[in-house]
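Letters A, B, C and D name the chains as they come in the text, with residue numbers starting at 1 for each one.
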Amino acid sequence: MSKQAFRANSGGRIDRDRPLTFTFNGKRLGGYTGDTLSSALIANGISIVGRSFKYHRPRGIMSAGAEETNAFVQLLGSNEEPNVLATTLPLYEGLEAHSVNAWPSVHFDLGGMNNFLHRLFPAGFYYKTFMWPRDRWDWYSRFIRRVAGWGAVPKKSARNRYEHRFHHCDVMVIGAGPAGLSAALAAGRSGARVLLVDNQPEAGGYLLGDSAEINSRPALSWISEVVAEIDALPDVVRLKETSAIGYYDQNFITALERRPDKSWVKERLWKIRARQVILATGAIERPITFADNDRPGVMLASSASHYCLRYGARPGRDAVLFTNNNGSYQHAIDLKDNGVNIVAVIDLRSEPDASLIAAATAKGIDVLLASQISKVIGVRRVSAVEICASNGAGDCRRIACDLLLMSGGWNPTIHLHSQSGARPAYDADLVTFIPGMSVQNEVSAGACRGQFALSTCLSDGLTAGYNAAKACGFDTEPKSGPICAAEPNISPMPMWEVPLPKKSSRAFLDFNNDVTSKDIRLAEREGYRSIELVKRYTTAGMGIDQGKTGNVNIIGLMAQITSTTPGAIGTTTYRPAYSPVSFGAMAGADSSDLIIPWRRTPITDWFIDNGGHLDETGALFRRPLFIAKSGETANDAINREALAVRNGVGIYDGTPLGKISIKGADAVTFLDRVYTNSWGKLPIGRCKFGYMLHEDGRLLDDGVTFRLSEDHYLMSTGSGVASVVQKHLERLLHCDWPDLDVYLTPVSDQWAVICVCGPLARDVMQAAATSIDVSSDAFKFLDTKNCQIANINARVSRVTYTGELSFEIVVATRHGRELWDALLAAGKDFDITPVGSDTSMLLRTEKAFIAAGLEGDGYANIYDVGMGWVVPKKKGDFVGKRSTTRDLNKGGPRPEVIGLLPEDGSFVPPKGTPLIDAERNMIGMVTIGFHSPNLKRSIALAQLSDGRSRLGETVTLFTKEKTALAKVCEPVFIDPDGLKMRD
Amino acid sequence: MKYSALNLAWHALRNHGGWPPAWRHARPKPSYDVIIIGGGGHGLGAAFYLASQHNINNVAVLEKGWLGGGNTARNTMTIRDNFLYPENVRFHRAAVESWHTLSNDLNFNIMLSKRGMTTVLMGDRDLSDAKRMVNTTSLFGAEHRIITLEELQQRLPLAESPQRLPIVGGIHHPDVVIARHDAVSWGYARAASKLGVDIIENCEVTDILCDAQGVTGVQTSQGKITTRKLGMAVSGHGKRVAAMADVCLPIETVPLQAIVSTPVKPILDNVVVLRGLNTYFVQSDKGELVMGSIAEPYPSYSQRGTPQVPEATIAAILQVFPVFERMQFMRQWAGALDITYDNSPIISKTEIDGFYVDVAGSGGFKTTPLAAMMHADLIANNRPDPLIEAYGLERFSSGRLILERASYGNR
Amino acid sequence: MIFIHCPHCGDRNEDEFTYGGDVEHRRPDKPDAMSDAQWCEYIYCVPNTKGWAKEHWWHVRGCNRWILVERNSINNELRKPDEDSGSE
Amino acid sequence: MAGYNVSIKALANCGFLDLRGGNDARQACNEYLDIVLPTCANKLVKTANGRIAFCISSNHWLLQVADGNQMDVLQSLERSSADISHSFVDVSDLYARIQLSGPESRDVLAQGVSIDIHPRVFPPGSTARTGIAKTTTQIHYVNESPTYDILVFSSFRQYMLDWLAMAAAKS
């Protein structure tokens, strides 16, 4: 392991007593606890961390935070992960990473030849070529895709645990720098519930790597005092390593916590609802656009100083600072004080703040005014820079250095403000965008609203915290803030592109996507003038870093090219996520069994234990389609079950049916209005089928409604549509007919429903000790009675979905399984057969009982499905009536439900099989098809255009595999007069 | 100036200083033969086809913002034809076909990739619905095919069967393509502009002017412009624009969101649809996973996106692709869809003579070339091509809706 | 995740509610008295307001009441409707 | 295995009645039950004999009684409200009861409950009808141990138990 040649012997917030080893690009290196991967790389003198996206230029670390645009690495080992930001990844023992986008290695990358051919690849080059031969982009894209992309998806899932957590607070403070800490302190002291999040392992923000003083002491001691006070407040929650990533409606904010308090939780996604939000997200230093500004060794000035002061990692030995503002001088001085030789300060301006020049000169730093960098020497690492006067006068000179610091001004981190729906505003003095008018309960404080001086950050934060707490009802006497030294305004000079020395020179704006100033000019020249079009045409700002460092420079350059102001150009839309979030954290902990709730009936376990083939059948239930005995195929089981119901007795779990209690003096009126048929004459203790329409005339549901007492009805609905029907009824009652005295109570889960059906059903009922006379005279079709079965209180009804003699037994859910077992026992001698949903569907098909979801498919109305008889001639208004009385014949013949008997009785047309005419026009479709074991042939129901008039004709069934003929028949195949069910 | 590799090289030698604007930035003339409202793929396409196929060159396209800034910029690039009803299957089949010559027709590479689509079926009911789709579409010549669980596993080796919704098989749709969405509007704009079409950006239509004979023009933020033929292709605002002519369209504006991951090396070619989880995704040429879900449950014009959609979409994908655990969500956005009552397109005359509308129905990127061609044809000839006869507004009075989603959910 | 004010329960996340349509889109009292064209317009042409609209929402995962919500469809801003109560 | 320090258990059935009605019906209930039904949603009252009335909204209550009593109470209530607009329905099996208790209960609950359950706004004795994960529940914050009783629709009982176990687990 090599020595950390660029590590200072002392200083910084790393723990030199806890060394760590890690591997980068196969090389074993050392670092310390408290390092990030990037600070450790810098300490080891690693200058190339990756290759660029398009030109494969060597790239080094440019920044020290979430804005990093170059240092994306592939993390290896058990934590394998693509596209990890080295600047925010805390170093840990054994960390293993390598560069992406380079082959065979970052030092010798074959893709680097792209750089020599760069002229062929200007912005949008692919739109202009790859069109020959015709329609063969696929062929080219195969190569392009291979070289695009960054990291690789790990081959295996580590199956880490991720959590979601809801959180509410009065005041949420985002960012724990000087402004955020002040805000949290002021709000916290008031007694408000405060949430303070910060993306760093420790609070302090930029002060962690700065020499500033507060109250004439190092700023860090002020920070530790404030943090101690904040942490002692009972209703303040402070989250470390937590990035706010999305700002949504009504102050809903998502934040990603890495390494939460529980060791077994990899990441936690917080879903926060805050009454007031204080954004204290700081500012991001801006690169300057000059030729070869992307060379390894070119770094943001504040970042270099941050590495040096916070981590004791020197990004170079001899540095040149290139600046356009007052804010960066102190960084040069700090670096100098910490062992980095500052060869020169190159200031674009002719009159920077005099005190800064004096301070720099006092440290022995040369300051060159009205100068600029025209050239960077060195490909793999800066070795020298060429400096010329801004006005072009005089000779240029070359200065040797291994580190070039750049400072093009500061961009407030307005991303979350913009995500909240507000529009940023341009500030000509600060030469950048600052927050505009708030549209939610949100305020920015400190650097993120352009207040760059430490003293104003502190006071701004205090005020914001105090005001936010006050808005939540926590009014306290504000305390005055701490004192710090005055700082000059940063006074940046607009400079959107330093003139390029050669035609082939390139200056980068979006380092991540390799977008140069020439690309922006080309886009403008070609007419892509809106900033949104510039972004899309050049891909500027669309990389992994989402343009955090580059966007304002692009807007500025566009303004310069089109002779307008950056404010007139405007920003593109900032959208979540501020920083990338792992899919695991987005999804949370719901395991595969829980992503969709599984509703169970009391019988579900029995089916699982006895060969039930479960499937989704709507409303979140999984029901058995059939219950296979060992060795049986699906068809075997369904045939066996269907024969049993027709010839013996079956038992069916109907619990998923929707059930709604309808009670009140106007219950009949309500039923009359929602069903097509009339309900006034239904006696207590009877039930009947009802057909419910959508207002547009389509069939919504059919089901049985029972009259339980004078003004109390129980409606059952299809299980799949239960919630739709409930909403339909609720909406009508509450929004359209609020005057009706009716109460709807959904009671689906209150009752288990078990259906005993088949010619021997009555025998089973008797064997199960039913307490009432179930003979056909005493208990008629559509009667409903209370009784006891196997000593369980039950309500039994003579309704059927199979066309057989049936008893539908309803008991309290807790007795469901008990009843099921009792009926199975009582039916043992009759070979009672449990049946599944597919079998039930087959039995229904044989009887052609209409199912809204199948025969009602598409635009079929009640007449189309052959149920016109349920609409009484003289009935008043009901939902859907007007849609069935309007002229529906203008559109030509309508589909009608008919039965089909395929000529080849062994061919079962699947659901949805098209019916075609001689010209292959689709004239209908099969709504359901089965092999009927009772008829020993296939049968189907179908919608057929003008179908009722085609009875007896032959139609063609079309499937992908074959066509077949089928005879059109009346839609009923068994017991057309319904004698069996009335038995 | 023709776009070609040769010209690119020629311009490279000149540092690309000589490329002309892709389209003219026109100022409105007082009058046009045809005005198209909406400078997205559908609107620019209609203008291009009016000029190229009907010799109507005195055409203006009015765009209230920037070109292609509506749904052309906010979709998931996927062009598919997996529909259930014959009218839709026929139209969308032809629409997929219409993409293949587009790059060459426009001399602009829209990066059409024949990626194919794999629909993952989770449960017997999915399988039964899949058979319906395959049989119906094959009647119209589609190559969709049900595949076994084994073949699905070969196609999607990274997929794992979740316990809650076990995978039973899949559908493979080889015809499904993706295209670089933004390029479609730019390609049309450039080609149309070359044929004389005026493309007018930042020009918002504020009123539609009519007399007893029909349309007479539009009032815009850049003044009044007269015309006797007006086509509308504005997604997200169709209802409001049509209302300016007192035409009430049966549509609701609903946001549809999309989500994109950070770019990674190629992991799959196909568009993958997780039907039971209402989610789909595809990897872009650049390496990002582009993910989509279903439209929001209530109407809104907000394009800001919500937290719950990325969460649900990504959770769904992780159910089947747990290896994506450390992929990263990078960005989300939303588009405003004009959803028609029956989820099917409206390409139709209106009760106002000379006023035509092209409404996608449920997101229209996939139909862009064909819908634009049909819209242009309708404007030029004042009668619908047989391919769009079913898409007339009359269907709402005749009751012949094409309720494409009726079998999935109830409106 | 909009934060809907339920007059009974206070502010709740939108996933506790179901959208119930624009208040303006009221079922006609006498459908039979309407022409086919009028009826079709009622069925198919929902208001789809851009801007502030009063809407029905059903607090189905809470108090089960139907409430009135005023929402700006441009940016999902919410405000309490002037009649500050449910429809019951 | 152990994750969060909580215990999760299914509780025995109780009797539940769903009571709906206007002020007259409420008065009748108050008289018979000898309580004052709250009219503010998400409030509850307890009686000396252990009954709990959860107010779902101003005209809607869920009355929890000892199991076995529900039919008697229902019939008595029906008698006392004969001529008044109301709906009283036995829903004893509509709800299953689950108890979550232990020091970290709130950490588990906050993974799936979107309302504010901080004791400052949701002190012991509070109740709320709201979602947990993907289902609807009636949460009752029983005591500071802390203990939460959760009513869930009975077909979701196993889902809720599984979800709580998942939320509390280490992996």
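As a working rule, a contact is a pair of C-beta atoms (placed from the backbone, for glycine too) under 8 Å apart; a residue touches a chain by one contact, two chains touch by 3 or more.
For clarity, every value in this text was computed on a predicted model and none was experimentally measured.
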## Note on the structure
Contact-pair count is greater, between A-D and A-B, for A-B
### Query
What whole-number Å value describes the gap between the mean CA coordinates of chain A and chain B?
22
### Query
Using CA atom averages as chain centres, what separation in Å is found between chain A and chain D?
32
### Message
Just the number, please: Cα centre separation of chain A and chain C in whole Å.
### Response
26
### Junction residues of chain B, two or more chains touched
302, 304, 306-307, 397
### Message
If I count partner chains per residue in chain C, which residues reach a count of at least 2?
### Response
1, 13, 15, 18, 36, 40, 43-44, 60, 65, 75-76, 86, 88
### Query
Among the residues of chain A, which are close enough to touch at least two other chains?
159, 164, 248-249, 252, 271, 273, 421, 588, 590, 593-594, 596, 598, 883, 886
### Message
How are the chains arranged in terms of who touches whom: line, ring, star, complete or other?
### Response
other
### Query
What residues of chain A sit close enough to touch chain D in their complex?
159, 161, 163-168, 193, 235, 262, 264, 271, 273, 588-591, 593-594, 596-601, 621, 655, 661, 663-665, 712, 741, 743, 745, 747-751, 812-814
### Task
Sort out for me which residues of chain A touch chain C in the complex.
248-252, 271, 273, 421, 439, 695-696, 727, 730-732, 734-736, 738, 877, 881-883, 885-887
### Query
Which of the residues in chain C come into contact with chain B in the complex?
1, 15, 18-19, 36-37, 40-41, 43-46, 48, 50, 73-76
### Query
Which residues, counting only chain C, touch chain D once they are in their complex?
6, 8-10, 12-13, 15-16, 60-65, 86, 88
### Task
Could you please specify the touching residues of chain D with respect to chain A in the complex?
3-4, 13, 18, 20-21, 85-87, 89-95, 107, 110-116, 118, 120-121, 133-135, 153-159, 162-163, 166-167, 170-171
